[in-house]
Amino acid sequence: MLFVPQQGRLILRTEMGQIEASPTEIIVVPRGVKFAADFPDGPSRGYICENYGQPLTLPDLGPIGANGLANPRDFLYPVAWYEDYDGPCEVVAKFGGQLWRADYNHSPLNVVAWHGNYAPYKYDLKRFNTINTVSFDHPDPSIFTVLTSPSWPRGTANVEFVIFPPRWTVALDTFRPPWYHRNVMSEFMGLIYGVYDGKESFEGGGFMPGGASLHNCMAGHGPDTASFEKATNADLKPHHIDNALAFMFESRYVMRPTKFAMETKALQKDYYKCWQGLSKRFRA
Amino acid sequence: MLFVPQQGRLILRTEMGQIEASPTEIIVVPRGVKFAADFPDGPSRGYICENYGQPLTLPDLGPIGANGLANPRDFLYPVAWYEDYDGPCEVVAKFGGQLWRADYNHSPLNVVAWHGNYAPYKYDLKRFNTINTVSFDHPDPSIFTVLTSPSWPRGTANVEFVIFPPRWTVALDTFRPPWYHRNVMSEFMGLIYGVYDGKESFEGGGFMPGGASLHNCMAGHGPDTASFEKATNADLKPHHIDNALAFMFESRYVMRPTKFAMETKALQKDYYKCWQGLSKRFRA
Amino acid sequence: MLFVPQQGRLILRTEMGQIEASPTEIIVVPRGVKFAADFPDGPSRGYICENYGQPLTLPDLGPIGANGLANPRDFLYPVAWYEDYDGPCEVVAKFGGQLWRADYNHSPLNVVAWHGNYAPYKYDLKRFNTINTVSFDHPDPSIFTVLTSPSWPRGTANVEFVIFPPRWTVALDTFRPPWYHRNVMSEFMGLIYGVYDGKESFEGGGFMPGGASLHNCMAGHGPDTASFEKATNADLKPHHIDNALAFMFESRYVMRPTKFAMETKALQKDYYKCWQGLSKRFRA
Amino acid sequence: MLFVPQQGRLILRTEMGQIEASPTEIIVVPRGVKFAADFPDGPSRGYICENYGQPLTLPDLGPIGANGLANPRDFLYPVAWYEDYDGPCEVVAKFGGQLWRADYNHSPLNVVAWHGNYAPYKYDLKRFNTINTVSFDHPDPSIFTVLTSPSWPRGTANVEFVIFPPRWTVALDTFRPPWYHRNVMSEFMGLIYGVYDGKESFEGGGFMPGGASLHNCMAGHGPDTASFEKATNADLKPHHIDNALAFMFESRYVMRPTKFAMETKALQKDYYKCWQGLSKRFRA
Amino acid sequence: MLFVPQQGRLILRTEMGQIEASPTEIIVVPRGVKFAADFPDGPSRGYICENYGQPLTLPDLGPIGANGLANPRDFLYPVAWYEDYDGPCEVVAKFGGQLWRADYNHSPLNVVAWHGNYAPYKYDLKRFNTINTVSFDHPDPSIFTVLTSPSWPRGTANVEFVIFPPRWTVALDTFRPPWYHRNVMSEFMGLIYGVYDGKESFEGGGFMPGGASLHNCMAGHGPDTASFEKATNADLKPHHIDNALAFMFESRYVMRPTKFAMETKALQKDYYKCWQGLSKRFRA
Amino acid sequence: MLFVPQQGRLILRTEMGQIEASPTEIIVVPRGVKFAADFPDGPSRGYICENYGQPLTLPDLGPIGANGLANPRDFLYPVAWYEDYDGPCEVVAKFGGQLWRADYNHSPLNVVAWHGNYAPYKYDLKRFNTINTVSFDHPDPSIFTVLTSPSWPRGTANVEFVIFPPRWTVALDTFRPPWYHRNVMSEFMGLIYGVYDGKESFEGGGFMPGGASLHNCMAGHGPDTASFEKATNADLKPHHIDNALAFMFESRYVMRPTKFAMETKALQKDYYKCWQGLSKRFRA
């Protein structure tokens, strides 16, 4: 389980210790590890990705070499901690796709010591060493991969956690926002803070922090009309993107929205209109 | 055999066709393919790398994705061509580490047609899609790999052809030239044109186009004193490096200079002095 | 999607260009590529295989060496083509196992240029370089593989496209038709033209061009009685099979016939009788 | 060590048992296993290949499937056998490239029982299931592989044992003998009996049973002039090659002839003349 | 299908021959092979594991070396056998998760000869070469693996057949029974004879020969209270465990008990009570 | 470089920090890392293995599971340390098989901080979790592997560091010392303290702490006569071997003794006599 706090701190008390994450930090809890969540800042909000595939891991860096993207030393593991609590305790577990509950008469967070590498951890997204073009063209978003759950065949991950962090954008002779594309991966995007550069001016608010967009497998998409016009006419000087932190859960599986998501008033039923203004460019 | 012309065009007439390369282009001729070389611009100069390992290939791009670095479509293969020549022809071959010669009474470049993928090709280094940090830190030079001859175990190539092409350099909070290092790969560098940013001010000329430097396995090296001072005090604005094209043959093998190389007057016997000015920084 | 025209030409207008295939040719369209189909010869017929696994690819040739079976150079890709059409256009897509439709006001086949290797292609089955025994025994049908979608573990493909093309049959001391067998792969066979040598004389027509047979996982099968008798008593001279082109979609998955297939009058409900004439050969 | 008897039987008494091989059979003895050789038919002759690489093994069959080429069940291992001999016994061993000898006072062939899979074996080449083209073209000789010592990278074996056994040749529209070629593998050929179809008519005897030819790495070669003329004008009916058994030790290493081989009167110093009669085919 | 007889001999008449197994022996029948079962000792009992993944195979031994655990030479295959029976014969097959039946007028066990490696076999568990700690600590149960159906990613098998055979237990400074754990593998245990050392004293009978326990994925478990107390206070001398043979089917899949299993009177509904006596050890 | 102190502590001052090892501990220093050695206990002695292959690593544990043999957490890395020393300093390096020296005017051990995983480390052999048979038979010594430098093909390591630590030996029906064998690996053994159980009683001292034995590739060896007699007649009760710590450098390469080793008076020229007393066991 990957937690991406967006508003308010998240504290997880786990069997291996306590972890606190602020927005721009993430927490990963391995399958089967018990935890309790506290929200010290009051009403809080964030995103959760439940990974059904292989454990999340750092991608092979290939020609990027020995360092780059998320560096191993920036992942932090908790020290052991336990609570000696006697009293009613409700434990909820997911098993076989269902949620189950049980009453304990003590806290299950009573592990005095542990060792091994199957443990929860946190990572601060601000430590991400962003790599990208310094010449021309727009690389695939895989270059922004923080963590991946590899698939077989390699190349179509079960899920990848990708971020669009503050960075320099310097490509010459290039349309700099994400291009228009349609691909086999399903793309769920979220916004931690700021304004994402592919959805800058969508009428009525566009892509808001705490919101989400979903472009499933083979659904074509790309910048909205305003972003397209702006990027097409931009002066291609070096530009420091420093006002947003978006992310993507990218998966080879199709994602099915919940009933809640389909019925909420927050659903943007006219989202498709953001592309309606794009005009035909064929010349007679 | 990898040809890197540095001054004057190189034309190779091969069994599979003719290839012309100007400086900033390269040619690769597979093992065993006969060829003749012409220099249409008069006195010419360049570098040759003879690869004893696996054929040169593009590196796996890893998280860089489907496009980046040298793109496959930019490698050009010749169309078939032959000459019907009867007359004396001297053929020289390397076999078992020795050169051998024979007299033919006709040209061996008499192949009328061919198909397959074992053929010579050229590549224009200006088409290299350079990827690098757009945040901080100085990635490994493997990020500049054009072609590699992979080794086992993976990670220590027989030889890699790496270039330092025109590009933006934007890293923040970073010493931007190549850092001081000592590593298992032997590094042979050449300069096609311009001024390399790690050897800017070496007295008496430093690193000249057409010259070469060699730092063998585990020999520590880094910027000269002047480059160090300049980089340490630089204002870290985006900077477009556009005045040089250097390259490196990087190998897990130790390179042994020839007798010619050790005795030429061009040998910089006081090269080590470029670091003598570096002062101790411990404070009492 | 693999198209196998059996009667009449098939023209696909795709996002990457137009492809025409006659019977004995095939077309493959990758997942997600939009296309329209035209049938210039009037009522037409053929087979389609929708591959849910890895993309179809050429098999590793193993000891067959550098050339053989379907050669890479015989696969043809279209040149870019587009249509600038404004008007009603119905687009149908399969998503999550369902068919969906939408109305466009223009043609989606409006891609002006493309590059990459994710594109539709055609192949002429007459160019297949058939390899088989030239001594004795009857090799596995995998030796007839044109394209395969590899599985993990290797060896049980998601689907393989296998053909039984014109060829010499010369095996000595051998029962030459497919032997009686029962295996883990499900076998769907079709016949493009002619008479298949394992079903030569089935009463009432047997295996007709345009027809199909299905032997699912672990269902034993083999030549019909007449074919068995003929092959058992044959004079084993070299024989040139030149009167038929059959093929097989072979898969590790079980294939489930549609309701249409189970209810059509073309269904041969007495197919099993083709083996009833085989007599017991134990001697008292 | 691979033994290929060409004249007279070979009996090896080994630590694991006794093996007898006639011409057309082979024996393989793993590294370090002691043996004594007997020649019951008097003066005998054959070929030996000492493999410095990985143990010889059957090739992966790829699309050939589960059976074909040399089948595992045809390799025969000896039953345990020992001799209880007291008396002088000279033992010779190769170690570090040198031969060493020692005097024992008993036979080292005194192993009473053994189990495992590191043992000598024999194989009858007549059991080879030959696979080849039944349509057109001339496959690589790898299709005749009996045993291989795999290399890294895969595809350039340390050594392969390849045979040219009796078989049908039926290729249409094809020059049927081995084509003219030059390749990275060194080819040492021997002839067990008969007339090899690429060297049919070389003046003075050509390629004799018990003889050998060597075409080292990148040395071009092909049929002699007479074989070329005969094959060019042949009527391409099915033809059963049944009068010869040649073989090849094919290696990625260069083979260096011994002093004996270079000085023997049997050396064909005018071998190159077999191609001198080939005439130029360019037309004015 | 893996058969584990627990009471009475099992005789399987299969297409490839007959196999008899007594308790402490096992039989594996590959998918699709027909067989009939006889029970010569009257009422009999045992366990069956139907493997949906890759065929069961021996594990790679890693540093254990060339011999250890179940040795290949101890797996026995039947010689060919057939019956020439004419008369009614009911054949039952499982296909697509359903059972199907058909009436034959002869026995399908009429295979006169066979070769290959897809055949049933038996193994005597008493021949298992048990490896374990001879110093301290309690290794993972994978060290008891007899056969495994490997998964991808490696490390989480489809199913593993693991035994707890007679052996020395000598670990110093160690809690010797299976420790308390919760893991991703589902554990189905059976007992062939004797008293399992993790369930020694469960009131009312505990873990009986012929019984079974199931701890599904991530369900924590370990020794019962009595076993815990006994092991905690044990004198850690070498001890020869020789009075029991338990086994485990361990799988990455969740196992779902049948309706029969959930409703049988043999179900131990108070099984969880075996841990109720474990007391809290925190000290104030 | 692997250091095995046998007498007296070894302190290495390295670029990454200081490491102290007593006998029964080892130190590994990666290639190219500078260090100085101190011997605080006066005259000291030990063994050094220089590994020319891949870096030493822990073996894959295979069925041993997640823990066993040398556990990762027991390998200790130094904290950063440096010395600010100005003055003469002689630095010796090995390069291309030769030793080279240079005079520095300061200490090269001046690295203030470091991160990464290419660093020296130590390990205490007493923490080795020994695994072995608890039933019968004598496993391969690979089961005692502490560190290995893997080879290609896998299975014949460049070098393995193997120890014979204190442990229980409990095998039934088994000759418990190392059996007589001859194998492809060269075996260099050393003794840190005590009496090795295969060389217990060699006249004149046998195998002494600080001594070494070398059995090169395919040189047969095994227990001396007295050890053989003792083991043959032993009562096979559990026995705790606690009086010795021997080790082995095992390599696929042949080891060549130095001139010093061949000429020292410590050389046991009559070592072969330790087996002379073994008598023939064939019965008339």
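We just call them A, B, C, D, E and F in the order they show up, numbering each chain from 1.
To be clear about the criterion, a contact is a pair of C-beta atoms (placed from the backbone, for glycine too) under 8 Å apart; a residue touches a chain by one contact, two chains touch by 3 or more.
The structure displayed is predicted, hence computed values, not measured ones.
On residue numbers, the A-C interface is repeated by B-D, which shares over half of its contact pairs, out of the options B-D, C-D or E-F. Chain centres computed from CA atoms place C at the largest separation from chain F. Chain C and chain E have centres, each the mean of its CA atoms, that are 43 Å apart. Computed from the mean C-alpha positions, the centre of chain B lies at a distance of 48 Å from the centre of chain C. Across the assembly, chain A contributes residues 66, 152 that each touch 2 or more other chains.
Touching chain D in their complex are the following residues of chain F: 152-153, 182-184, 216-218, 254, 280, 282. Here chain A touches chain E in the complex through residues 31-32, 54, 84, 86, 93, 95-96, 106, 110, 150, 152, going by the rule given at the top. Touching chain B in their complex are the following residues of chain A: 59-69, 128-137, 139-143, 145, 165-170, 238. Residues of chain F that touch chain A in their complex: 66, 73, 115-116.
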